[in-house]
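In structure tokens below, several structures.
What follows is a pair of complexes built around subunit A, which joins subunit B in one and subunit C in the other.
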Partner chain A sequence: MSQILIKKLVKKYGQNQVVHGIDLEIKPKEFVVLVGPSGCGKSTTLRMIAGLEEISSGEIQIGNKVVNNLAPKDRNIAMVFQNYALYPHMSVRENLSFALQLQKMDRKDIDRRVRQAAEILGLMDLLERRPGQLSGGQRQRVAMGRAIVRNTPVFLFDEPLSNLDAKLRNQMRTEIKKLHMRMGTTIVYVTHDQVEAMTLADRIVVMKDGYIQQIGSPLEIYRNPANAFVAGFIGSPPTNLIEISGQIIGMRPEHIRLEAEGLSNPVGYQAQVEVLEPLGGETLVHTLVLNQKVIVKCEGLAPVRPSQVIQIYIDKENQRFFDKTSGKALNYN
Partner chain B sequence: MVERTPILDFFSYAFLVLGIVVVGFPIYYCLVAATLPLSEVLKYPMPLIPGEKLLENIRAAVEKGHLETQLWNSFLMALGITVGKISVSIISAFAIVYFNFRIRMLAFWMIFMTLMLPVEIRILPTYEVAANLFSPFKSLFRIFNLEFGLDFSLLNTYSGLILPLVASATATFLFRQFFLTLPEELCEASKMDGATPMQFFWKIVFPLSKTNIAALFVIVFVTGWNQYLWPLLVTTEPSMDTIIVGVQHLIPKADQVPQWNVAMAGALVAMVPPIMVVLLMQRWFVKGLVEHEK
Partner chain C sequence: MLKRSHYENPILPYLLISPQMLIVILFFLWPAGAALLQAFQISDPFGQGTAFVWFDNFKNLFETLEYRQSFLKTLVFSVSTALLSLLMGLALAALTNRILKIKTVTRTLLIWPYAVAPAMAGMLWLFLFHPTYGVIGHFLVSNGVDWNPVLNGTHAMVMVIIAASWKQISYNFVFFLGGLQAVPRSILEAAAIDGAGPLRRFFVIVLPLLSPTIFFLIVMNLVYAFFDTFGVIHATTEGGPGGATSTLVYKVYSDGFVGQDLGGSAAQSVILMVITVILTIVQFKVVEKKVHYNG
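Our next item is the complex of A and B:
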């Protein structure tokens, strides 16, 4: 049983192919995040699921029904847009009830659904306001409310937090997570922010250049990146990738230590310290190993100085090896 | 911002006052002339202090020129042009911006190119068509040596006054530019919400265009009201005269009593409706502008 099934999905703009036949199966109530750098085809894929973009070839099923030629409204989905796309001349209440009015739903039922959604999102006091009178976070909530009232089994989110400032983004992120737990809808969420992907997703789909690089739970992807790109994209700061004797070695900054003690199977490298970035609780030590950048994350203050030559250590099991030409993980199963 | 520029301020105000005098004096002169008795208005120079005969002069003008019929005709014509122009151009701009059809760009450029042509340039062919709606078919048929028997004339009708002035490239262009500033996501969101294209038009695009419509209403109404050449050509019966054409009849001819006071009173009457429209709609502008600020 799958909620959304994507088979060999292709998108072409003229001669230019931007999505190269991807396959993806999304289960009911799953929170799937499509993540990747800009231009990787994640938004295009989402928009094809939404029905805002035509499918060049391949097939999309929603709820076991092929939707390739269905209008967005007939796909039983709701969508939250990056810039919210609230109707500026309507009050919050009218924004929320617009879709239901178009469905010719009963006045009483509309009121009930709007109230429900407003209560979930804490919008009760704002119902008569216009979008122009709301803050960024409130507008974001209204945008989500517009999806909630529709009561559809699938929500699509297109970079919903990228217009908010950092603090609000963290807050809304937890709200989206709570919302998912409460509503139990299937969510497909597009972002370029790997922190959002890690924190929100049941499963992450990492994309690049129109291909899926890896699908897996956040921890799977963190622990076992399928290739050097995924390793370098996921994690903050991302995995250090250095080339030694024809192989690419991936080392997570948080796995590297300044002393060998406590490591069961340490491997050492000589490194020259470049810059220190103290963050209070931790310090990022930027170093050069064989003239390649390696960032080390240590707890507290790092007892090193710039231009000092030090030894850094990592447990052998925490190293990942990638093929130099294909970038594929060598110990990946 | 605090800035002290006394000299610049002085010149700014001087220019402003000069501008007001240049624009305002002829109107004031007309107003004064309309209040004077015949003996006073013929004095040289004419006094610049208003007299008491305003109502009498207006009554004389209305009687002499049948201004009430003409006011009604002008009002119908201006309103027809305004409503027609706005409806046609908003819907064609909607089509050009939101629909991806094959000849979209061609359609847009065809409309855009007609921007360059004032009514006067196409007045002869337009008259030909107004005189007989089927004349294009007639010409076509004549090429093949056939006779097209139907005739339908718009001369001396309200449709004849209104229809040729309804299509407007300027208004279409303005609406197009405005629609392009609306975020694309509004259209997509309404698609997701299940709105049909016309529901999107009526519930989203139209309400958002209100300010633009108000602005266009004023401009188009005033230009429509002030049309002179076209009404002069297309109407021959006095009962179809518009007031701008009618005022011309009030102007004294060579061997008449030079009743300039009555002519000016007529001109005043002709001026009132457009001024009313400007004043009434201005409150709309301001309202629209204030709401945009938020």
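Our next item is the complex of A and C:
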């Protein structure tokens, strides 16, 4: 049983192919995040699911129904846009009830649903305002409210937090997570921010250049990146990738220590300290190993100075090895 | 508050604006003042003498059926012209907006009629609509329509309205296209997902977002139809047949320069001036009230 099924999905603009036949199965109530750098085809894929972009070839099923030729309104989906896309000439209430009015729903039912959504999102006092009179966070809430009132089984989010400032972004992130737990809808969420992907997703789909690089739970992707790209994309700071004797070795900053003690199977490297970034609770030590950048994340303050030559250690089982030419993980199964 | 500029020489700023002021005085204030004065005078046809008659000219105007009818004709003409050119401009802009990439040449061609001189535009439509040698006229006549704008007043009015609005379509088109392109695509996409079809999206989302543009254009088109259509009318019908297309602005000319009733003509132009002032006030009110939609 799947909520959304994507088979060999291709998108071409003229001769230019931007999505190269991807396959993806999304289960009911799952929170799936498509993540990747800009131009990786994640938004295009989402827009094809929504019906805003034509499908060049392949197939999309929503609720076991092929939707390739269905209009957006017939796909039983709701979508939240990056720039909110609220109707500027309508009040919050009108924005929320627009879709329901088009469904010719009963006046009373519309009021009930709008009230419900407004209560969930804390919009009760803002119902008569216009979008122009709202802050960024409030507009974002209205945009989500417009999806909630529809009560569709699938929600699509297209970079919904990109236009918010950092603090608000963290706050809305938790709200989206709460919302998902409360509503139990299937969510497909597009972002370029790997932190959002890690914190929100049941499953992450990492994309690059129109190909899926890896699909897996946040922990799977964190622990076992399928290739050097995924390793270098996920994590904050991302995995250090250094080339030693024809192999790429991946080491997470948080796995590297300044002393061998406490490690069961330590491997050591000589490193030269470049810069220290003290963050209070932890310190990022930027070093050079064989002239390649390696960041070490230490607890508390690091007892080192710039230009000092030190030894860094990592447990052997925490190292990942990638093929130099293909980038594929060598010990990946 | 506007920032004041500072000049070392206090006379320089006045010198700088003097050419423009000269033009305003010479071509606007002086003739307008003269018209205002003349409107209260009566002069003999040969300009030998004038007499001050207070409001007699105005009284005479509103007592003549012809002038009152001209008011009505102007209303029909202006509203029809504005409506026709607004609708055509909007339709063309909506169609153009659907094309993602439009060649610059094509877009420029759509704006072309605006550059055609009013008299030329009038002649063009007369050539098309003339019952004997016009293509459209011939087509209508050979299809059993008793089309004759040279003799039939209603036909003449239709022809003048078409000719006058044709010129204004491009103007409206440019503003409408600009307005349409300012409507964010994601809002229309959101509406599509919410279940609104293309027509409903146009009427419920696009039109309200265009309303500031529409209000502005209504005023501009009315002003155009009221005052700027002398050339078109003069070239096509000369106000005829039998005064059927003699709008207020055309009557100013025909009564004054053809009929030699200088006082009456001046009184008419004063009335037109008052109408302009009212329209301008309305326009400013609209611009002030113009809702600024953001986000």
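Note that in this section the second predicted complex is superposed on the first by the 333 of 333 C-alpha atoms of A that agree within 3 Å, B and C clash if a C-alpha of one lies under 4 Å from a C-alpha of the other, contacts with A are read in each partner's own complex, and residues count from 1 in each chain.
Here, contacts are C-beta pairs under 8 Å (C-beta built on N, C-alpha and C of every residue); 3 or more make two chains touch, one makes a residue touch a chain.
Note that this is a predicted model, so its numbers are computed, not measured.
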Between subunit B and subunit C, positioned on subunit A by superposition, is the outcome a clash or a fit? clash
Which superposed partner A:R139 touches (first subunit B, second subunit C, both, neither): second
Thinking of the overlay built on chain A, is A:L52 touched by subunit B (first), by subunit C (second), by both, or by neither? both
Per the contact definition in the header, classify A:L102: touching subunit B only (first), subunit C only (second), both, or neither. both
Thinking of the overlay built on chain A, is A:M79 touched by subunit B (first), by subunit C (second), by both, or by neither? both
Tell me which partner A:H180 touches in the superposition: subunit B (first), subunit C (second), both or neither. neither
Both partners, subunit B and subunit C, contact subunit A at residues 50-52, 71-73, 77-79, 81-89, 98-99, 102-103, 132, 146, 150
Which residues of subunit A touch subunit B in the complex? 50-52, 71-73, 77-79, 81-89, 98-99, 102-103, 130, 132-133, 146, 150
In the complex of these two chains, what residues of subunit B are touching subunit A? 183, 185-186, 188-195, 199, 203-204, 207-208, 291, 294
Any idea which subunit C residues touch subunit A in the complex? 184, 186-187, 189-197, 200, 205, 208-209, 211, 291-295
Partner subunit C, residues of subunit A touching it in the complex: 50-52, 71-73, 77-79, 81-89, 98-99, 102-103, 131-132, 139, 146, 150
